[in-house]
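In what follows, subunit A forms one complex with subunit B and a second complex with subunit C.
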Partner chain A sequence: MLGYLVRRILSMVPTLLITSALIFIIIQAPPGDYLSTYIAELESQGEAVDQEKIGFIRAQYGLDQPLYVQYLKWIGGLVQGDLGYSFEYSLPVNEVVGDRLSLTAIVSLATILFVWIVSFPIGVYSATHQYGVFDYLLTFIGFLGLAVPSFLLALVLLYFAHVQFGVSIGGLMDPGYIDQPWTWGKLQSVLAHLWVPVVVIGTSGTAGMIRRLRANLLDELQKQYYVTARAKGLPGWRALIKYPLRMSLNPFVSDIGSLLPEVVSGAVLVSVVMSLPTTGPMLLDALRSQDMYLAGSFLMFLAVLTVIGVFLSDILLAMLDPRIRLSGGATK
Partner chain B sequence: MSVAEGAARPIGARQPIPHQVSTEPFDPASIERLTPGQERYYLASQWRMMWWRFRRHRLAVVSAAILIVMYAAILISEPLAPYDLHSRNIDFIYAPPQRVHFIHDGEFIGPFVYPFDYELNMENLQRTYTPDTNRPQPLRFFCSGDTYRFWGWIEASFHFVCPPEDGTLFFFGTDRLGRDMLSRIIYGARISLTIGLLGVSVSFLLGVIIGGLAGYHGGWVDNVSQRLIEVLRSLPHVPLWLALSAILPVTWSPILVYFGITIILGLLDWTGLARAVRSKLLALREEDFCVAAQLMGASPRRIIARHLLPSFASHLIASVTLSVPTMILGETALSFLGLGLRAPITSWGVLLNEAQNINVVALYPWLMLPVAPVILVVLAFNFMGDGLRDAADPYK
Partner chain C sequence: MSLHRYQVRAVAADYARGAAGGVLCAGGLAIGMPSVIPTVIFGGLTALFILFTMRTALRHRQAIEMTGEAIGVAGRSGKVLGWAEIDDVRLRFFATRRNRSDGWMTLTLKAGGRRLAIDSTIDGFDRIAGGAAAAAQANRLALNPTTTANFGALGLSVPGLAPEDMPERRRERLG
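Let's look at the complex of A and B:
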């Protein structure tokens, strides 16, 4: 197990390296950089450009150096926890991003919990009552959940929450609590606002999870050990919990890997619509204005988050399911 | 055990079966011969069996029919839409959907609409439209209305349905420039439906080539591609789509942007397909028919394309079908955020871009109608893909 852990952690290094290179290429790809856009904008407004300041920034952040040097500088800083400099905010990226990252993490975590809590009972019910009325109904709702674009669902739910519950539109808390220290009231306000984005982001994930859980459980329920257990007189509920349910738990763990990117993607999209103080709107702005370190560090953060999520799910899966081989080697 | 005991059993009491010999000539092959029905069944080709299997999945068949109709409709968008794409009705801005009636004053007079009376509410400056129920205006069918260029070529003015003389026909209401939503949705289908297909063909090419090479050659090719796939799979797609579409220069013409977006959508989607192709090839390359082809000197390209891929083509088709809806939703999301297609091009995502505001939900909910075809198409593709996947392996 220890060997597996070490190997698994080591294998994350090249993955993250490739990812960082990829992200760097992407954020570098638009022609020009932030400074040249900035200068052009100033000049078009007839304002004087402080060449000295521009030159200073250019030199300090190595914008005048070849690409690979820039990349090495950036990645070196990342390793030391320095995310670079945001041109637009004239602040280190760490300070711009800080609070938003924690809110993103909260939303993502709450969404994953929501997906699990909702999909587990529904999936089990659907599988044990296959082709029942509720199975059909739930399957249909699940398909609908996959098909409705999340941003539109967000808009409609937002309106609904406002009309029905008087929740203020947009944001993760009532405007009065912004920049206030955490109190009981603020927590309540956040919780009252949190459910809309969580439901919206989690819907498609929940739908997918229900389908997988149902399929897995249906497979297990046809196997001989289950039939034997029932034949020997084990009551249905007990026979279900004892073995097949445990087997079908695997997707819950193994899907963290695929769920996390999905949740983060959804969070970006939905938070733009709902103007949440998470990272989505910031990323969009940074990409539009070519604030490359802000955008790049942010994409990198999302990548690290998901790589760690995949890592955790692999470890958990290895602990839960003894059939998973820990040794490497090609599968054939 | 004695014979007497056996004879005492009730079986012995039965009537003996009368001796019978068939007079018909003996045909030793009679068991092997098949009735025409059986023959049709046993000798059916793989594709025929897949069709039988697919047909059993009712929902999939219905979905396929819906998709065929929708794709056929994009061929004739122009005559199908009651208005031209760009025709503006400045007197009817944000008009609500008009209902089609059949009975006026208890009398059946065919399909007609009531014209709108427009009034500006001076208190909140809201436009209010009330149908004038005294003047029924019958619809016109197979008529001439707005002129258009059919596929950008032939000038014509034929429409299947036209607004009444001096009247309006807004089934789905109008937008902020007074453009008919229904017509725009019909035109938008052209872009939205094809972008998924183009994107899928990009991802299909990438997936088959990369997965094929990795699976057939193994070794370092396999390792590199596996790493790359792992990286791409672990990245959240929407932020990457955003980043990639931010690269597209603003100066590009709409058509170039359209192709750019399809490539971006395909660029991140091939990983699943590549994985499937690879794992299949890893198993199949050890099969006898593959070894035979190698011994006869076929090149790797020929072996992959002629021998290996066709043996699981049906699976490929099914998985491709299932990834079309992701593309359509992706385009919708990108355009909605303003990073995808832009205004002169009309896609469902671009139309939904207008519905970005919460006011729309409250005041002009019909602007959200383009989401209905999106949901319909995505559902249809999902159901059809499910049916195809079940049918892909008819021997099971």
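Let's look at the complex of A and C:
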């Protein structure tokens, strides 16, 4: 396993380097930079632009240097935990993102837990009670979950809560705690508000996971080893838990790679609709205003999450199912 | 009796990996980390690569001795597992590609709490795996489906192996 770990960690290095270069190039692709956008904005408002001051700022933040120098400085800072400087907020990116990264992490982790906790028993039940009344009902609800976009579900919930109960379920904490340091009260407030975005963001993922788990488990339940185990008199639940369930866990594990960044980036619209203080809306603003270091840091955060997610899923898959694939094509 | 070793070509890539990872991570530490989190991450990775390089060096020096009665590390202080004592056999495949089309196997033998792990990059691995399969048969061990399928892929018969697990030809590339 040590050898496997080392190989996988080393393969992450070029992946992240190439991704960082691509992110930097894409952010720089639109003509001009943050200051050009800023000058155009000032001019459109009829305000005077002090070219000397602009030149000074451009030199101060290295915007007058060649692209590769800017990239090397940025990537060197990232490795050391320095995310750069946000032009829009006139603050280091570390300070700008502050709470948002931790709140995003809380929402993401809670969503992933929600997806697993809800989809696992439902998927197992649907597979073991195929074509039963509840299987049809859960399948129907699952399809609904897949079909309804998250932001629409958020809008419906907001409207319903406001009209029926007269309460606002937007935000991630009581207004009094916004921009305040973390306290026990703030954590309680976040936890009390957390369930709505978690349900909204997690619904489509849960529905998808139920479908995959059901299909995988149904495949395993028809295999010879399970039929033999049952024929030999092994009780249903023991036979199920011993091998088929373990094999059908593969989609759970292999989904970690895509789930982590998906939950963060996929929640952008929901965050805008529900006024969540997560990274999504800030990323949108940063991309619009060409605040390159802020946008770049967010995108690198997503890339790192993807790479770490794939790494974790590979390690867990290697532990769960270390079987060889023969030249015939099927995993043996 | 047969003697099996990890040849230079089998461990050269691991030495290179250990060195590359160690240099990258130690280099990161050397340039100075302003905060605790990157320091911990780079420090942990440096330790991991050092450990890996040390293990590679140990394996390079090691020789596995196999006789009709036992298998073990050659030398006076090496551990030896009698075939009749073996109570657990695991054969795992570690894929180096997402589609699992390439990789290596690790055979883990256990006997009374003692453990011996052998990678398929060692010369004569097929013979060692054959000995392990025979011991599993003789000792009537209950192997897990993964191990059974992997033995089947090597063309070896073990307890619990279904006919469909036996390939027509042995897998050619194992690391």
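Everything that follows uses one rule, which is that the second predicted complex is superposed on the first by the 294 of 332 C-alpha atoms of A that agree within 3 Å, B and C clash if a C-alpha of one lies under 4 Å from a C-alpha of the other, contacts with A are read in each partner's own complex, and residues count from 1 in each chain.
Here is the rule we use: contacts are C-beta pairs under 8 Å (C-beta built on N, C-alpha and C of every residue); 3 or more make two chains touch, one makes a residue touch a chain.
Small disclaimer: the values here were computed from a predicted structure and weren't measured.
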With the two structures laid over each other on chain A, which partner does A:V148 touch: subunit B (first), subunit C (second), both, or neither? first
Quick check for you: in the superposed arrangement, does A:D135 touch first (subunit B), second (subunit C), both or neither? neither
Applying the document's definition of touch, where does A:D285 land relative to subunit B and subunit C: first, second, both, or neither? neither
Now for A:L5: first (subunit B), second (subunit C), both, or neither, which partner does it touch? second
Quick one: classify A:E88 as touching subunit B (first), subunit C (second), both or neither. neither
Please tell me which partner, subunit B or subunit C, touches more residues of subunit A. B
Starting from the residues of subunit A touching subunit B, keep only those that also touch subunit C in the other complex, and list them. 331-332
With touch defined as at the start, can you tell me which subunit A residues reach subunit B in the complex? 14-15, 18-19, 22-23, 26-27, 29-31, 143-144, 146-152, 155-156, 158-159, 162, 169, 257-258, 260-262, 264-266, 268-269, 272-273, 283-284, 287-288, 295, 298-299, 302-303, 306-307, 310, 330-332
Subunit A partner, complex, touching residues on subunit B are 218, 222, 227-228, 230-231, 233-240, 242-244, 246-247, 249, 279, 282-283, 325, 329, 332-333, 336-337, 339, 352, 355-356, 358, 360-362, 368, 371, 374-375, 378-379, 382-383
So, in the complex, the side of subunit A touching subunit C is made of residues 1-7, 9-10, 13, 79-82, 224-225, 243, 318, 321-328, 331-332
Under the stated contact criterion, what part of subunit C meets subunit A in this complex? 14, 17-18, 20-21, 24, 28, 31-35, 37-38, 45, 48-49, 51-52, 55, 92-96, 99-101, 103-106, 119, 145-146, 149-150, 152-153, 162, 165, 167, 171
